[in-house]
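Please go over the structures that come below.
The two complexes that follow have chain A in common; it is paired with chain B in the first and with chain C in the second.
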Partner chain A sequence: MSAKRLPQGGRIDRDQRIRFTWDGSSMTGYAGDTLASALMANGETVLGRSFKYHRPRGIMSAGVEESGAIVTVGQGRRRDPNVKATMQELYPGLAASGQNAWPSVRFDLGAVNGLFGRFFSAGFYYKTFMGLPPMEWGKGTGLWMQYEKIIRRAAGMGVASREADPDVYDHVHGYCDVLVVGSGPAGLSAALTAAKAGLDVLLVEQDCELGGDYLNQADEASGKKRKDLIAKLEKAGARMMTRTTAFGLYDYGTAGLLERVTDHIASPDKHLPRHRFWTVRAKQTIVATGALERQVAFGNNDRPGVMNVAAGRSYLNRYGILPGQDIVVATNNDSAYATAAELASAGATVSLLDARATIPESMMSLVGNSGVNLHTRSAPLNVRGSHGVNGLDFAVAGQGGWSAQGSESCDLVLVSGGWSPVVHLLSHRGIRPVWNVEQACFVGPDEVNEPIYMAGSAAAVWNIEDCLTSGESAATKAIKALGGKARQKKAPAPGGWESPIEPLYEVTVSGRQLKSFVDPQHDVTTEDVRLAHREGFVSVEHLKRYTTLGMATDGGKVGNIIGLALMADAQGKEIPEVGTTTFRPPYTPVSIGALKGRNVDGHFRPLRRTPMHVWNLDHGATMTMAGLWHRPWYFARKGEGISEAYVRETETTRRTVGLCDVTSLGKIAIQGPDATEFLNRIYTNPFAKLPIGKARYGIMLRDDGIVMDDGTTWRLSETDYFMTTTTAHAGKVMVFLEELLQTRWQDLRVHVTSVSEQWAGSAVAGPKSREVLEACVEDPSVMSNDAFPFMGVIETTLKGGIPCRIARISFSGEMAFEAYVPSDYASALMDLLWAAAEPLDGCLYGLEALGAMRIEKGHVTGAELDGRVTIDDAGLGKMASPAKSFIGSAMRNRPELMREDRPRLVGIKPKDASQTFNAGSILCAEGKVSGLGEGWITAVTHSPAMGHWIGLGFISSGYEAWEGKTVIAADPVRKGNIEVEIISPHMYDPDGERMYG
Partner chain B sequence: MIRINCPFCGERDHTEFSYGGDASIVYPELDASMEEWHDAIFMRENIRGMQSETWHHANGCRMWLVVERDTMTHEIQSVRPAHKGNAAVLSTTDTGGEQ
Partner chain C sequence: MVDRISALAGFYRTGKFGILGEDQSAGVILEDVRDLVLHQIAAWPESVDAVGKLAAKAAGSKAAPGPCKAEVGSSASLLRIEPLKWWVVGAEAPDVDAEQGATLDISHSRTRIRVTGSQAVSFLNRHLPLDLREDSFPVGSVASSAIHHVGVTLWRSELGYELFIPRGFALSLWEGMVETATQFGLEVV
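Let's turn to the complex of A and B:
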């Protein structure tokens, strides 16, 4: 290939020279160039190496189907591998390099892989590493481990940066009446027709310019028509997006778009995202995605300097490059003739091989007038040259097939094996394309059960005038479907060539060994496909996976049809009988960054803060995550770490008083005449007779009898209850209550409202808790033991007129209260409480101390109620009323759930009091440290009250069965084995004297 | 992306909703036998085609809906409030509320 930039012509701006580097060498191109066209104009031919054999690869196309010029763009944190040079716009300072090669794409040591070609034939990985005889466990795997590193390096696809991506990506949501994908003649005309009808039209184009095939035309009329259509579209108010790929179609007209915002800009505005990921909901979709030109399999058809014909035309007419001097154009259809003539007119010596015997007169004269040498019944057989093309062996069609017919020197081979409409988006919807014999391609079916219309060459309409009509026709269908008025234009039938295509997929002559590529990116040859057939692969889907045909970054755009044709031939069938593979999104690769959008770091998931958050921080809290919540973990004083802090907080709370932000608990208002009945059905324990002004601890089961949640519910009036749930299950409980009321128990007159955000709360725990609250309420008499007994509830007013509801409930095991105020008063509540608690030598405590105190008491939380535990397992069986039915009451009696040897909640302490142990350890009988053991540890803490470490967990048959026995807490990957004793879970103040006091 | 026409909120992405389950299940009385509860909780048809199912408009109006959806094509035939009172108040038709 000896490409030359022409002195004029094309859509490039010769006044804007652009400097860029290729493998470190400085080069220049022009504004309007792609990286591929600029490299071609600079005489670069070998731009990459193939996946397995490391054969040299050059530019094969001018578009998204590129399979050769796959390069790495950018450096450092912005290094982006596997970029198609044909789609990368040139910008000043662009740094690109070849990949899959060392030391360079021209001199690649990996090319020795080519010598071992037989090792890499179809099914190579399967045969070598999974089925090695003898089929002993681990044999194949062992070899794989050994060779994987070498092979992965040899058969790589470029290397991504290991540094964090510095760019920002956005998610955008959009709506439109009509989405038009593709802005060629059909797309432009469809969009204009719909926009003129007053519809909201969104036209998306993957290229940097609108126009599609108009951009590759040399004549002035085409250029004018394109400009005219775009001007009219602007006037009609259509929205148009370039550099935007509709990569997938989904249910209900949802389309996924990838907008490449800054990939073409040297120094983008730092406020711009690199990509935008659009989710567009379109009422109607017009797919005008064009067609891709097919290759033909012949010897060394992967050499740099073998391209498709349309690419030759594009480089000539769009980029002002004569891509070769001695050019052979090989075709089996009419579409190559214009290109051959244009290349000849531009100064190249052109030979045209047409596989067909009869050529229409007009085609003959078109090339004849341009000095093209036409050879009918001729096809390319084998390319000569190793790093490029220096000659071509021909074949001619005879009675029994092809036979060799001499050769010709040339520097470029352009091939057209026919055209494949881009039916990918239709395929995404599960709609199977059908084989059109006359046009030798797959097209969409006539009837589609969704508002999707194919237009232009995507519907196998080959000439531009017909494409305009095709677009208009599709648009009128969309207009009518939306209730508008339009005169239905008849859609042109597939076709448009003067003489029919003659299918040609492979050229071979008997007795000649050729290396003919079907999928040049994955190095799949015609022999690989035949080998797969011989080995019994009949399904196309299996063929694809076995040979990896179509699994490279182009997703089968290049090789699929040839592969199908070869399979059909081997099986003695027609192509449609063999089937087509299903195209799946994305049409072209979507960056991981675009998928994640802004959902990274702090935005990865919602962060919930209580209204006391700032107050807690101001008072020395170290925070931790509890689900989505940010909660105080501990309040370290000078010189304290977490261990010192939580031990002091626990000790202080048990001695005087402690305050703890409990706002994150779920809170649900349950109101209505049937509220009492409702609670009585959902809790295992009786709620029918809970007096006004009292709270009750309750347990809820799921329908299947497993514990769902626990918490306290306060009765505020005859018809008004205030339920608290655990932090973790707040959402789940709310959903379940709504479901029960709206579906199963529609007759119950109850309304549930989540008030978790409305109320902020603090626990006030410890012997001096009443004293603290007395100092805070306007009327201290409400706090007396008689007025406010254990499990009592009051609604009162705090100093300063702050409304407040308080219950005397305890999670810590001390005399304790939970006080809630409207969220806006959160800081005021804490100020009041702390002003009273601090002089009493009280403390603030966090989750760590909260956990320590609840473990001492044997109170369960989410760590214990893990969705496998029954109410009996948790040691709370007496909470299940035998006198009533409730959710889960039938199913909790399933035999398996009633077994005596089920794991039950127990307390755990080390045999040697100086030892510690870990949550997550497996509890095993002494001498039987293996398997699943007898139970597990859910939570551990240092107990200041007992002076050693304690834990909660579950062990088969409960603590009574293990009394006096040594049990092993096995933690093989961390601490090893620790000897422990199993005790009652109620390790501290088991009779609750401190609580009632 | 399935789009569900909530009778209260209008047409919304399915990501605003959470799937409930088979809407044809009649849950037994609380004092029904273990066998009846077993069947109600665990026994499900694996329908290919139109299925009646519950959805919760969790990130919307919080209404539980009964949706008739084709499990093959995701085509939705009807959406209505699960609660008869809600249905009466919204006086919806079977094809959903505001169009």
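Let's turn to the complex of A and C:
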């Protein structure tokens, strides 16, 4: 291949020279070039190395189907492997390099693999390394584990950057009446027809320019027609997107698009996303995705310098490059003739091999006038040359098949084995294409049970004028489906060539060994397909998986039909009898960055901040994550770490008073005349007689009798309740209550509304808690012990006129209150409380101290209520009313859930008080440290009140069964085994005297 | 009475950011509309009409809006946010007997972000899976949707697109929206 840039012609901007590098060498191209065209113009032929055999590969196409020029673009954090050079627009400073080769693609030591090609056939790894003697005799899979590492290292193409991606990506939702995919003649015509009918049209094109095959035409009329259509589309108000690939079609007209925003820009604005991932909901979809030109399998058909014919035309007419001087064009259909003539007119010596015996007069005169040497009944047999093309052996058709005829020197071989309409998007919908014998290709079925219409060469319509009509016809169907008026244009039938195509998939002669590739990207040869057949992998789905034919980024674009044809031949069947593989999204690769969008780093999950967030930070909080919430962990004073801080906070709270942000608790307003009945059904304990102004602790079960959540519910009026839930289960409880009301108990007049965000809350805990609140409320008398007993609820006003609701409830085991104000007053609440608590030697406390105090008291949280625990397991069986029915009341009585030896909630302390132990440890009987043991530890803390470590957990039959016995807290991956004692979970103030005081 | 403090307080930077037009114009304008007064009015299935009238009276509108619609009254606006629920924006809820329904003050539960500017719809569709084309979402439309899995309510008022975001998530979503908006040119007012 000795390509050269022509002095004029093409769509490139010759006034804009662009410098770029290839494998470190500086080169120049023009604006409008792709990386492939620029490299071709610079005389580069070997641009890649093949997957298995490391064979040299060059440019094979001018589009997304590229199988040879697969390269790495960018450096450092922006290194992007497996970029198809044919789709990469050139920009100043672009740095590209070869991949899958060492030291370079031109000279690659890995090419030694090619010598062992006969061993690397389909199924090589499975046959050689997995379970087969002698490699694995008596060795199980142990050896495979070793081979696997080496095989994995050898597998894969290119190397991605290991650094964090510096770019941002967008997710976008789009809507339109008609989505038109592809902007060739059919797409432009379809979009214009629909837009002129007043429909909202979105036209998407994967290329950087609209026009499709118009861009590859030499004649001025085509260029003018293209411009004219685009101008009319703009006038009609159609939305048009370039550099945007519709990579998948999904349910109900949903299309996935990938918009490449900055891949073609040298220094993009930092505010622009690199890619946009569009989810478009279209009422109607017109698929005008064109067709891909097929290769033919013949010897060394993967050599740099073997391309499809359309690519030759594209490089000539669009990029102003004569891709070779001495060109052989091989075809089995009419489409190659114009290209052969244009190449000859541009100065190349061109020979045209046509597999057919009869050629239409017009075709003959077309090439004859251009000086093309035409050979009928001829086909390429084997390419000569190691790193490029320097000659071609060809064959002629005879009675008994092909026979070698001779050879010709050349530097470029262009091949057209026919065309495959791009039916991928249709296939994504589960719609199987059907084989059209006349056109030798798969096309969409006549009837499609979805508003999707195929147009243009995607419907096997081969000439441009017919494609325009085809697009118009598809659009009128869409217009009518949306209730518009349009005169239905008759869709042109598949075809358009003067003489029919003659199917040609492989050229081979008896007695000659050829390396003929079916899928060059995966190094799948014709012999691999036949081997698969011999070994019984006759289903196309098995063929694909056994040989890797059509896998990965190729997605079946290049070799699928040849593979099918060879399998059909081997089985003595026709192609449609063998079947067709299902194309699945994405049509072309989608970056991982685009999939994740902006949901990354700090926005991986939305962060929930309490209304006291800034106040907490201003007062020295160190924060931690609790679910989505950011909560104070501890408030360290000077010189303190977490251990010192939480111990001080716990001691201070138990001695004087502590304040803790408890806003994250779930809060649900339950309103309506049947609210009491509703609560009585969802809680295990009675709620029917809860007086106004009182709160009650409640447990709710799932239908299966397992504990779902616990919390307090406050009665504010006859028909209004305020329910609190755990932080972890707030959403789940809310959804469950809604479900009950909307499905099972529609007769209950109850509304539930999440008010978690409406109310900000602080726990005020400790012997001096009442004193603190007395200083904060406008009327201190409401805080007296008589007016406000344990489990009492008041609605009052804080100083400054802040409305407030307070309940006297305790999680810490101390006399304690929870005070809630509307969220925008949260800082004001904390200012008031802290002004009162600080002079009393009070403290602020965080989650660590909160956890320590609740463990001392044996109060359960999400760590204990983990979806396996019954109300009896949690030691709260007395709260299950035997006198009423409630959610879970039937299922909780199943024998398995009532077993006496179930793990029960217990307290744990080390036998040696100086020892510590970990949450997550397995509790085992002494001398029986094995298996699942007898139970587990859910939470641990150093107890300031007791002066040693304590924990909560579960052990079979509960603490009474283990009194006086030594139990092992086994922690094999961290601390090892610690001897512990099992005690009551109520380790601190078991009678609650401090709480009621 | 002490001042109310917005969920965005301390993080709210006014000014212009990102890719501005040649005349320094921003395609997206965001505003934290503070001191929200928001009450929920809920009815029982059989009392929807009666409660709707009470709601309309409270807002000073002719009638209570139907599903996914809003009515702007002389004293407040009414949004139909669920089959049995309205939000009244800008006024107290009326007295509703428990036999007819229930009311609830949720003024502090949401952060109200107003989105305007020539690129408001393009910007919103970076986050919301809603068809916001003129014919599909004219002024007076209401939708419940989600941004990053957080349930939000969108109301297209005469003044722009009003987003009601759960207060605890507001800052996190605000930060995300500011990042997205810079590509259109952002002005925070």
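In this section, the second predicted complex is superposed on the first by the 972 of 997 C-alpha atoms of A that agree within 3 Å, B and C clash if a C-alpha of one lies under 4 Å from a C-alpha of the other, contacts with A are read in each partner's own complex, and residues count from 1 in each chain.
Here, contacts are C-beta pairs under 8 Å (C-beta built on N, C-alpha and C of every residue); 3 or more make two chains touch, one makes a residue touch a chain.
Since this is a predicted model, take the numbers as computed values, not measurements.
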First, second, both or neither for A:D269, with chain B first and chain C second: second
Chain C versus chain B, contacts on chain A by residue: C
Touching partner for A:R681 - first (chain B), second (chain C), both, neither: first
Partner chain(s) touched by A:T358 [first = chain B, second = chain C, both, neither]: neither
Partner chain in contact with A:D704 - chain B first, chain C second, else both or neither: first
Which superposed partner A:Y252 touches (first chain B, second chain C, both, neither): first
Which of chain B and chain C A:S889 touches, first, second, both or neither: first
Partner chain(s) touched by A:R281 [first = chain B, second = chain C, both, neither]: both
Intersection of the chain A residues that touch chain B with those that touch chain C: 279, 281
Complex contact set, residues of chain B against chain A: 1-3, 13, 18, 20, 23, 27-34, 36-38, 40-41, 54, 56, 58, 62-64, 73-74, 81-86
In the complex, chain A residues that touch chain C: 168, 170-175, 200, 269, 271-273, 279, 281, 598-599, 602-603, 606-611, 613-614, 629, 663, 669, 671-673, 718-720, 749, 751, 753-759, 800-802, 822-828
Contacting residues of chain C [partner chain A, same complex]: 1-2, 4-7, 9-10, 18-19, 35, 40, 42, 44, 84-85, 98-99, 101-102, 104-110, 125-133, 136, 148-150, 166-169, 171-173, 175-176, 179-180, 182-183
Of all residues in chain A, those that touch chain B in their complex: 250-252, 254, 279, 281, 449, 681, 703-704, 735, 738-739, 741-744, 746, 885-887, 889-891, 893-894
